[in-house]
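Order as written gives the chain letters A, B, C and D; numbering starts at 1 within each chain.
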Amino acid sequence: MARHMPLAEAVGTFLKPGGTAAFEGFTHLIPHAAAHEVIRQDIGDLTLVRMTPDLIYDQMIGMGLAKKLVFSYAGNPGVGLLRRLRDAVENGWPRPLEIEEHSHAAMANAYEAGAAGLPCAMFRGYLGAQLAEVNPNIRHIVCPFTGEKLAAVPAIRPDVTFIHAQKADRKGNVLIEGIVGVQKEAVLAAENAIVTVEEVVDDLDAHPNACILPHWTVDAVCTVPGGAHPSYAHGHYARDNADYLAWDRIAADRDTFRAWMTDNVLDAQPGVFAERVADLEVVA
Amino acid sequence: MARHMPLAEAVGTFLKPGGTAAFEGFTHLIPHAAAHEVIRQDIGDLTLVRMTPDLIYDQMIGMGLAKKLVFSYAGNPGVGLLRRLRDAVENGWPRPLEIEEHSHAAMANAYEAGAAGLPCAMFRGYLGAQLAEVNPNIRHIVCPFTGEKLAAVPAIRPDVTFIHAQKADRKGNVLIEGIVGVQKEAVLAAENAIVTVEEVVDDLDAHPNACILPHWTVDAVCTVPGGAHPSYAHGHYARDNADYLAWDRIAADRDTFRAWMTDNVLDAQPGVFAERVADLEVVA
Amino acid sequence: MTDFTADEMMTIAAARALSNDDVCFVGIGAPSAACNVARLTHAPDITLIYESGTIGTAPDVLPLSIGDGELCDTAVTTVPVPEMFRYWLQGGWITVGFLGAAQLDRFGNINTTVVGDYAHPKVRLPGGGGAPEIAASSREVFITMKQSRRGFVEKIDFFTSFGHGEGGDHRQRLGMTTKGPTLLITDLGVWKPDPESKEFTVTSLHPGVTRAQMQETVGWTVRFSAEVEETEPPGTEELAVLRDLKERTARAHQGEAA
Amino acid sequence: MTDFTADEMMTIAAARALSNDDVCFVGIGAPSAACNVARLTHAPDITLIYESGTIGTAPDVLPLSIGDGELCDTAVTTVPVPEMFRYWLQGGWITVGFLGAAQLDRFGNINTTVVGDYAHPKVRLPGGGGAPEIAASSREVFITMKQSRRGFVEKIDFFTSFGHGEGGDHRQRLGMTTKGPTLLITDLGVWKPDPESKEFTVTSLHPGVTRAQMQETVGWTVRFSAEVEETEPPGTEELAVLRDLKERTARAHQGEAA
């Protein structure tokens, strides 16, 4: 049952060291503010799950919070590789990182299975793909009607899912619009879900088939305007591509990275996100 | 690739005697006009598939067009049983009707699997349910991770799916709003799809996440205002509950039924549907 | 106290079983009336879900079908039917599945498929629809129906939806982790399963109903709980809300018929 | 004829391979530019799909990521990512999957996972993302990338996405019914698989490119088709459209950066 609360309280209440956390968002609506709060609270030994780990995962990994990463594409979208992730995988800095790697189709189906309360997902996948040899969580199911051999992966069930959304109402019903990714599935699959939103409104004023998470599927709603920056919020502000480009330089060096994290995350507060998007606002 | 064409041409082009046809619509947007056209063209030996066969299936079965019915709930919603269906199952009139019976969860998952290009659907179902004993198309899959025994049913893949929708644009992109049922899945699972629509517009003017079938998923778009009557079209006209109540009386007797079919279907044309909803229009 | 009918008592007693926090999967007919009376009285924040995909709906009149336009117009959101069964029912969000039945046995097993033999039925009923999985995946199941010898039978003709099977731990033996039927509300009283045997036993008689009447309308030997209460009669507000709802409903459906 | 770069020739040659009726699953980078040039020239009705869920998108500038806002703003509809992979890709609607690669072998097998050993990589690349299933479920696959000895290798370090495997009927032996890679467009020429062996053979050299250049940039012994054509150079309109698009894109992404 959703409660409106400050982000720091939500993170401290629901995410425990050693837990499994998913921060979802497919380029759009990436929960940056929530990840920064986790970094500030230094909640470690996490298993991080995400289809497209990008900047915030590079940041959490670089700060040593992750012991394992479950993912399907780890890159800075349109820019290049993730340098902190590479440093962890290639050099074990600041700590070794265990990885469980899938394809997008597998992860999307695994979230869907989690939302659907199933123990595993079944799909036509990994045909001739070598990941099936290095990941013991890729198995098979034989169709009892045709004999076709299909791929199977375990359902994803995070302890806590974090997402960012455009709006919530007073009860805590949450509206997501635009590129909706796997956020709904990630929330429904999780034990607990924390949603940061651009704004709280009296009436969501949504299309009958809009993507809405009823308030009883969400545990905490935290109002953090700009909380997706440098990702974007459809109808609110545009993607800050310059920041994505800049990250490549910041993350290239361990010291530059630590200095940036201190200035922009450790010594900052959720309130800074509103300022960061002030110049990026779009006309609704 | 969608072509705009008259309903009679669409039905004649795509539906063949002996084919498998699904007319979907979950109370809302039931393709009455399309079913009536099939009856007028006397296309028989059909395998009829639908979660909720109601009046139009009672009509097609009563007219002797169906050799088999695949379904999960056969009733006149809110009114009672389907009398022509009963007559076929209990007395073989006008011909015997083979039935393959499922639960809603099974049918919904089977359509989903059809849309997803899978040979079968997997779900947690039929636990302790006797249908699993009388329907050989209910089998099992064991989860390769947990050992849980899950239900499996074959994917549904109709030769032709018929649906009714609110709008299409000139290219043939189709918009469905409100209670969307399994229509999208039924179209994507089918070899061919025929869509009757209330109107053709220049711009669908839809919400970014609205339920839209791209024009290349649909074969024929037929403009038939009122084509769902006595079912309804969200934003266009209300459900004609009186007609549903009246059907119970009409279908109670073989002769009354045949007379009604002659007057209202065999001797009618798709154009009559617009008149039938004239008094039911809602303010958009 | 106002006069009331057995039907009204049934609906109101059923409504009382629901709470504000429930996420209720609503069967059509008697369950629908009870769920909406709950919403209009003590449980304004209850979430009502119909299998047509409407989540958090608040209709002003009772729907004739499970997919009336009113359900969508007033819903928090409306989802595709495959999603309804996968994410919302199978996903474990439903706290109460509220079902009716054509035939019911003492263990809460339901038949809505056939009277007689499946291959050669005497009466072909509509079938299970959503009920087999509602019965298995809802955290618990409430059943409401009128008592009659035709409906309350020693042995149902077909196991459409599994209740407690042969009783005892039969559900667990089939791998089910949900509670199954925990409450049966009829026009004559309230029944709950015995904690051990899982046989429905009468825990409350509606005002004026006798033990003999309970037995006359049931096809097995009725068991009564050690302490059988008398159901609290409908309150003035409960009755007013129910009657208003029924009147609005009749007017709306007649209006459309005109 | 205007001057043009090898990069421009590559993009335009790739664009030409697409038709108005294609439903194209677009990888980011080189494929995205080619697909949008096709849309802005000879294939205005082509359907472009990005794995972020945007179907039938028509961006005015090239997206930096596969999920830029512009893609959604201009799409016919935007669907959830699980639906994208289940209904649209696995469902068999994609006529062309358009991929890039980090490493490629002569049979169109793609590596975007690691350089070196998987457990102890020299370079950890981003991984497969959508590609493994795009490669298997699209009716056919086009690949576009620049030629280099680092990229065009005798043996890829990891089979991220299956092309023709060891060649011949390897796809069919794995149960695949789709065609796999049917076209490879580089900065130097166009390659197509040999009908029997499925090894990519050069069918066309871009204007001014020699056979020696083809071999110098490839880590295996290049086979040339019996008749090697010269690629038609970029037309004036093609070049204008591509340069306008690139300029609009640079301005837009810089504008945001300002």
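The rule is simple: a contact is a pair of C-beta atoms (placed from the backbone, for glycine too) under 8 Å apart; a residue touches a chain by one contact, two chains touch by 3 or more.
The shown structure was predicted, so the numbers you read here are calculated from the model rather than taken from an experiment.
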**Complete:** If you tally C-beta contacts across B-D and across A-D, the winner is A-D
**Request:** Mind checking the centre-to-centre distance between subunit B and subunit D? Centres are C-alpha means, answer in whole Å.
**Result:** 40
**Request:** Please work out the Cα centroid separation of subunit C and subunit D, and write it as a whole number of Å.
**Result:** 57
**Message:** Nearest whole angstrom, what separates the Cα centre of subunit A from the Cα centre of subunit D?
**Reply:** 28
**Where subunit C touches two or more other chains, by residue** = 72, 78-79, 86, 90, 137
**Prompt:** Considering subunit A alone, which of its residues make contact with at least two other chains?
**Reply:** 112, 116-118, 123-124, 148, 178, 180, 184-185, 208-211, 234
**Message:** With touch defined as at the top, which chains are paired up in contact here?
**Reply:** A-B, A-C, A-D, B-C, B-D
**Asked** Across the complex, what residues on subunit A touch subunit B?
**Response** 116-120, 122-124, 137, 139-141, 143-146, 148, 150, 152, 154, 177-178, 180, 207-211, 234
**Asked** How about subunit B: which of its residues touch subunit C in the complex?
**Response** 26-28, 51-52, 71-75, 77-79, 81-82, 85-86, 89-90, 101, 103-105, 108-109, 111-112, 123-131, 134, 148-149, 178-182, 184-185, 211, 232, 234, 238-242, 244-245, 280
**Prompt:** What residues of subunit C sit close enough to touch subunit B in their complex?
**Reply:** 28-29, 51-54, 63-69, 71-72, 78-82, 84-86, 89-90, 113, 118-119, 121-133, 136-137, 158-162, 165, 170-171, 174-176, 253, 256-258
**Contacting residues of subunit C [partner subunit A, same complex]** = 21, 23, 45, 47, 55-56, 72-73, 75-79, 86-87, 90-93, 137
**Request:** Please give the residue numbers of subunit A that touch subunit C in the complex, ascending.
**Result:** 1, 112, 115-118, 171, 173, 184-185, 188, 206, 208-212, 214, 216-217
